[in-house]
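Each of the next two complexes has subunit A plus one other chain: subunit B in the first, subunit C in the second.
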Partner chain A sequence: MTRESLFNIVMMSLLILFPLWAWIADEPFMITLATKAVILALAGVGLNIALGLGGLVSLGHAAFFGIGGYAMGILASHAQSYSPILESPFLIEGTKSMPVIWLVAIISSGLAALAIGVLSLRTTGVYFIMITLAFGQMLFFFSISWPAYGGEDGLPIYVRNGFPGLNTLDPIQFYGICFAILAVVLFFCARLAKSPFGLALNAARQTAERVETVGISPYRLRLAAFTISGMITGLAGALFADLNRFVSPTMFSWQTSGEIMVFVILGGVARLFGPVVGAALFILLEHLLGGLSDYWHIYLGLLLLLIVLFARGGVIGTFAGKGANHD
Partner chain B sequence: MSMILLAEQVLNGLQLGIMLFVMAAGLTLVFGVMGLINLAHGSLFMIGAFAAAAVAGATGSFVLALIAALSAAAAVGALVEVVVIRRLYNRDHLDQVLATFALILIFSEGTRWLFGSFPLFLNIPSYLAGPVSLPGGIEYPLYRLTLIAVGLLIALGLFLLISRTRLGIQIRAGENDREMIAALGIDISKLYTIVFAIGAGLAGLAGALVGAIQSVQVGMGEPVLILAFVVIVIGGIGSIKGALIASILVGLTDTLGGVLLPALFKQFMEASAATSAGSSLSSMLIYILMAGVLIVRPTGLFGARA
Partner chain C sequence: MTKVILETRGISKSFGALQASKDVSIDLRAGEIHALIGPNGAGKSTLIKQIAGSLAPDAGQVFLNGQDVTALKTAARAKRGLGRTFQISALAMEDTVLQNVTLGALGAGASPFQFWRAALDDQAMRAVAEDALQRVGLQDHASAMTAELSHGQRRQLEVAVALTLKPRAFVMDEPMAGLGTEGSKRLTVFLDGLRAEAPILLVEHDMDAVFALADRISVLVYGEVIATGTVHEIRTNPDVRAAYLGDEE
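Now for the complex of A and B:
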């Protein structure tokens, strides 16, 4: 067993034990913090497929996070006001059921990622960073100026959506749902990285020409990776909206894209658990430093700067040494 | 729609575009010479505005405020280059994005800590306040007209600096082949610090000039930063000429889109729906323009390398 997989096991146990402790100690706020960390980790896991495996530096993943959020917001707001979304040519009604909302969030963010990917992947390097940023900003300004779903003020949802057989208003049960999703997605990502697709994608990141020589199109690999990446981040957006029972254009802002990227880097790029460690550390720092000082972002900035300058490979890279799939 | 209103909007667009150019020139220079993406450029814009507001508040002189903005931003820029940025030149873009994102956090919170969360105000000096009459019966604020003139002077100055001076020759050589000019005995790290400080100073100056027509507050730099990125990407990264053309294009698109699109939509939609659809579309317009340019020309209008 490598040190990295040992590290991953410890992290996974913490994600189970910490909320259990909070539940027994009757600290619902701690459970909510853990839920937030797990959901943001999921968003980071999504980005990590594009960024870590595919080498696609997307500064526009807030687009998918926001689309997932608004998928939840739009469906639930129609359900809570008993007004159908569409009456003709056929009836579409809102819903308060989580599985349906997740499905809609995944499909709509996947379609958006496909469309943005088709156009953006024609560019490389800085231009790719900037064009993804541009698409993110497009949706941000659209969500601000489109008045139907709250515009700049956002859209509150009064009661958390339901999941068959569970009481989602109970913090520990909602945490359980989010944690289960994260676990499933992590398992999927571990398999994806070792699959022929994942290996080809990894090779395309290192030397696109070689992949092309053996008859595989790097463009298609990257497009598929970008789409899967957007779908996972979209799912995280739907969960995040459900956690807060509120959707707003902030979810689309470029700072959100930056933060999702920070989770990935803080933990370690291209590491399976990188985003999980990064998001957990981010939430922990926010909680601890936020209690010490109103200006905790200064310390976060300094820490981030030190990690980028001196601890390449993030937290996991520092603890577990060089990974097999990280160059 | 009257021609006077349209002419005013064209001037507004021109003013926005010219100020974007002052901001974007530094950004594109730094990218062209050092290959660095600097997200913290917006923070230097903010530092300039705050320095100007503080000095104007203490002395009452607008000229002194502008000098303070230029020198404060250039000094902070030089300091940041020496301490942080110089370690990033050989890193990939991802590290540069993150490190400069971290710098934004530090600068924004640092400014909030120094000046508080309330916006400061920087007044237009009395000799530049009020409207002037232009030919054709257009009444236009003198200050905005001055901004256009100052911006054009800066553009001219930059062109002369790049094409006529020894420093300009070194900068152009640095864009083409950094090993070669180092081999010819130019102190490359000093050159980089100077280029970064010039870019920073311009951003600070833009912050002070624009700060007088909007409020000076933490976070004012980021919207401008994103627009400046749109400009340099449309123009082609590293090209000053591209930045000038793209900034005017972006300024005009943004301003005229906000006026013309709702009017256009009213031709075939009812008024309230036209206003909301028009304003939604116009707020996205420059990003649509940018995406369109990149799809047709993946390295921008005047860009040479990716």
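Now for the complex of A and C:
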């Protein structure tokens, strides 16, 4: 077993043991913190497919996070007010069912990623970063100026959505749902990295010319990666909205895009558990330092700087050494 | 007449004031090795890039199996049977040797849009990949990281990746460069046999290899083909001797 897989197992155990401890010790706030970490990790895992495997530096992943969030907000708010979303030409009603909301979040953020990908993946480097940022900002301003769903003030949801057979209002049960989703997605990502698609995408990041020369279009690979990436981040957005029972334009902001990227870089780009470690560290720092100073982001920035300068593989790279993002 | 597999008609390309290809028309026939020689900066790689599709010509066409592929992208040309090796190795350096050849096998056969099963567990693809490694003599390095290969081994890997595609025509840009005497000799023997599978357009500076292998030779000088002929014809051509071979004998 490699040091990295050992590290991953430890991380996974922590994600099980810490909330269990909090549950037994009756510390619901700690469970909520863990839930937040797991959801943000999921958003980062989504970005990591584009960024880590595909080398696509997207500064617009808040777009998908926000779309997932608003998918939840819109569906749940209509269910809560018993008013249909659409009456003609056919009836679409709101819902409080988590699985349905997730599905809508995944599909709508996937479609958005496909569209943004088509328009932005012809460019590379700084232009790609700027175009993805611009799309994120576009949705941000759109959400602000759309009064039907709260506009600038955001949209509160008064009840948590339901999952068959579970009490989602119980913090530990909601945590269980989020953790299970993260675990499933991580498993999928581990497979993806070794699949023919992962092999080709990873090669296209290193040398697009080679990939073309064997008859594969790098553009199509990247478009598929960007879409899958957006779907996962969108799902995280829906869960995040459910955690807070609130959606607002902040989910679309470029700061959100930046934070998702910070998780990935902190933990280790292209490492399966990179975003998980990154998001956990982020939440930990926010909790510890946020109490000391309103300007805790300065310390975060400092840490990020140190990592970028001295530990290119992020936390995982430092612990587990250089290497095998796939062996 | 033997069948023409690959052909350029009137290819021209300029970089600003520099004309790197001047009305180049050459062809590659079934079963042959057609060597393309010429001094540094003559425009050999530029021509290869236009044939492979990574550089668009200003004028002229490229035909593959009788079809005009000038408008097609690199990937589409590869799908139609064009196998290329690079003058400067273009390999996924962070991947293993086996992963690099498997990529070739993937492009040739299966779809890359498979998200679940491990690529290296696919027996059919693996067989193609391992066979290609075997043929170039890299079978013992399958699990080595590509970045750790010697220069010569990377050149071999370039050829192995091209083999996985089972191309209808090869275009090779200086496959012997930096191989050393032993390596060049081995690759010469290998290419000699390979022409029976698919003809090779071979850009090469190693004149021993060229004279040993070529059925025909074209000489490119300042972007222009100044002569095409058999080894004997080229060696005795006064223009060629003046422009390129003169300093050799």
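What we mean here is this: the second predicted complex is superposed on the first by the 325 of 327 C-alpha atoms of A that agree within 3 Å, B and C clash if a C-alpha of one lies under 4 Å from a C-alpha of the other, contacts with A are read in each partner's own complex, and residues count from 1 in each chain.
Rule of thumb we're sticking to: contacts are C-beta pairs under 8 Å (C-beta built on N, C-alpha and C of every residue); 3 or more make two chains touch, one makes a residue touch a chain.
Owing to the predicted nature of the structure, the values given are computational and were not obtained by experimental measurement.
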Practice task
Specify the outcome, clash or fit, for subunit B and subunit C once both structures are aligned onto subunit A.
Solution key: fit
Practice task
Considering only the touch criterion stated at the top, classify A:262 as touching first (subunit B), second (subunit C), both, or neither.
Solution key: first
Practice task
Once the structures are superposed on A, label A:57 by its partner contacts, choosing first (subunit B), second (subunit C), both or neither.
Solution key: first
Practice task
Based on the superposed arrangement, let me know which partner A:3 touches: subunit B (first), subunit C (second), both, or neither?
Solution key: neither
Exercise for the section: Using the touch definition from the top, say if A:198 reaches subunit B (first), subunit C (second), both or neither. Expected result: second
Practice task
Considering only touches as defined above, state whether A:221 meets subunit B (first), subunit C (second), both or neither.
Solution key: second
Practice task
Report, please, how wide the angle is at the C-alpha centre of subunit A between subunit B and subunit C, in steps of 10 degrees.
Solution key: 80
Practice task
Give one of first, second, both or neither to describe whether A:211 is in contact with subunit B, with subunit C, with both, or with none.
Solution key: second
Exercise for the section: Check the contacts made with subunit A and report whether subunit B or subunit C touches more of its residues. Expected result: B
Practice task
Could you look at A:254 and tell me whether it touches subunit B, subunit C, both or neither (first, second, both, neither)?
Solution key: first
Practice task
Give one of first, second, both or neither to describe whether A:138 is in contact with subunit B, with subunit C, with both, or with none.
Solution key: first
Exercise for the section: In the superposition described above, what is the shortest C-alpha distance between subunit B and subunit C in Å? Please give a whole number. Expected result: 15
Exercise for the section: Sort out for me which residues of subunit B touch subunit A in the complex. Expected result: 31, 37, 84, 87-88, 93-95, 97-99, 101-106, 108-110, 112-113, 222, 226, 229-230, 233, 237, 276, 279-280, 283-284, 287-288, 290-291, 294-295, 298-300, 306
Problem - subunit A residues within the subunit B interface of the complex - result: 51, 57, 59, 119-120, 122-127, 129-131, 133-135, 137-138, 141-142, 144-147, 254-255, 258, 261-262, 265, 269, 295-298, 300-302, 304-305, 308-309, 312
Problem - Touching residues on subunit A, where the partner in the complex is subunit C - result: 188, 191-192, 194-200, 202-203, 206-207, 209-217, 220-221, 224, 325
Handout entry: subunit C residues within the subunit A interface of the complex
Key = 52-54, 73-76, 78-79, 84, 86, 90-95, 99-100, 102-104, 106-108, 110-120, 122, 125, 161, 164-165
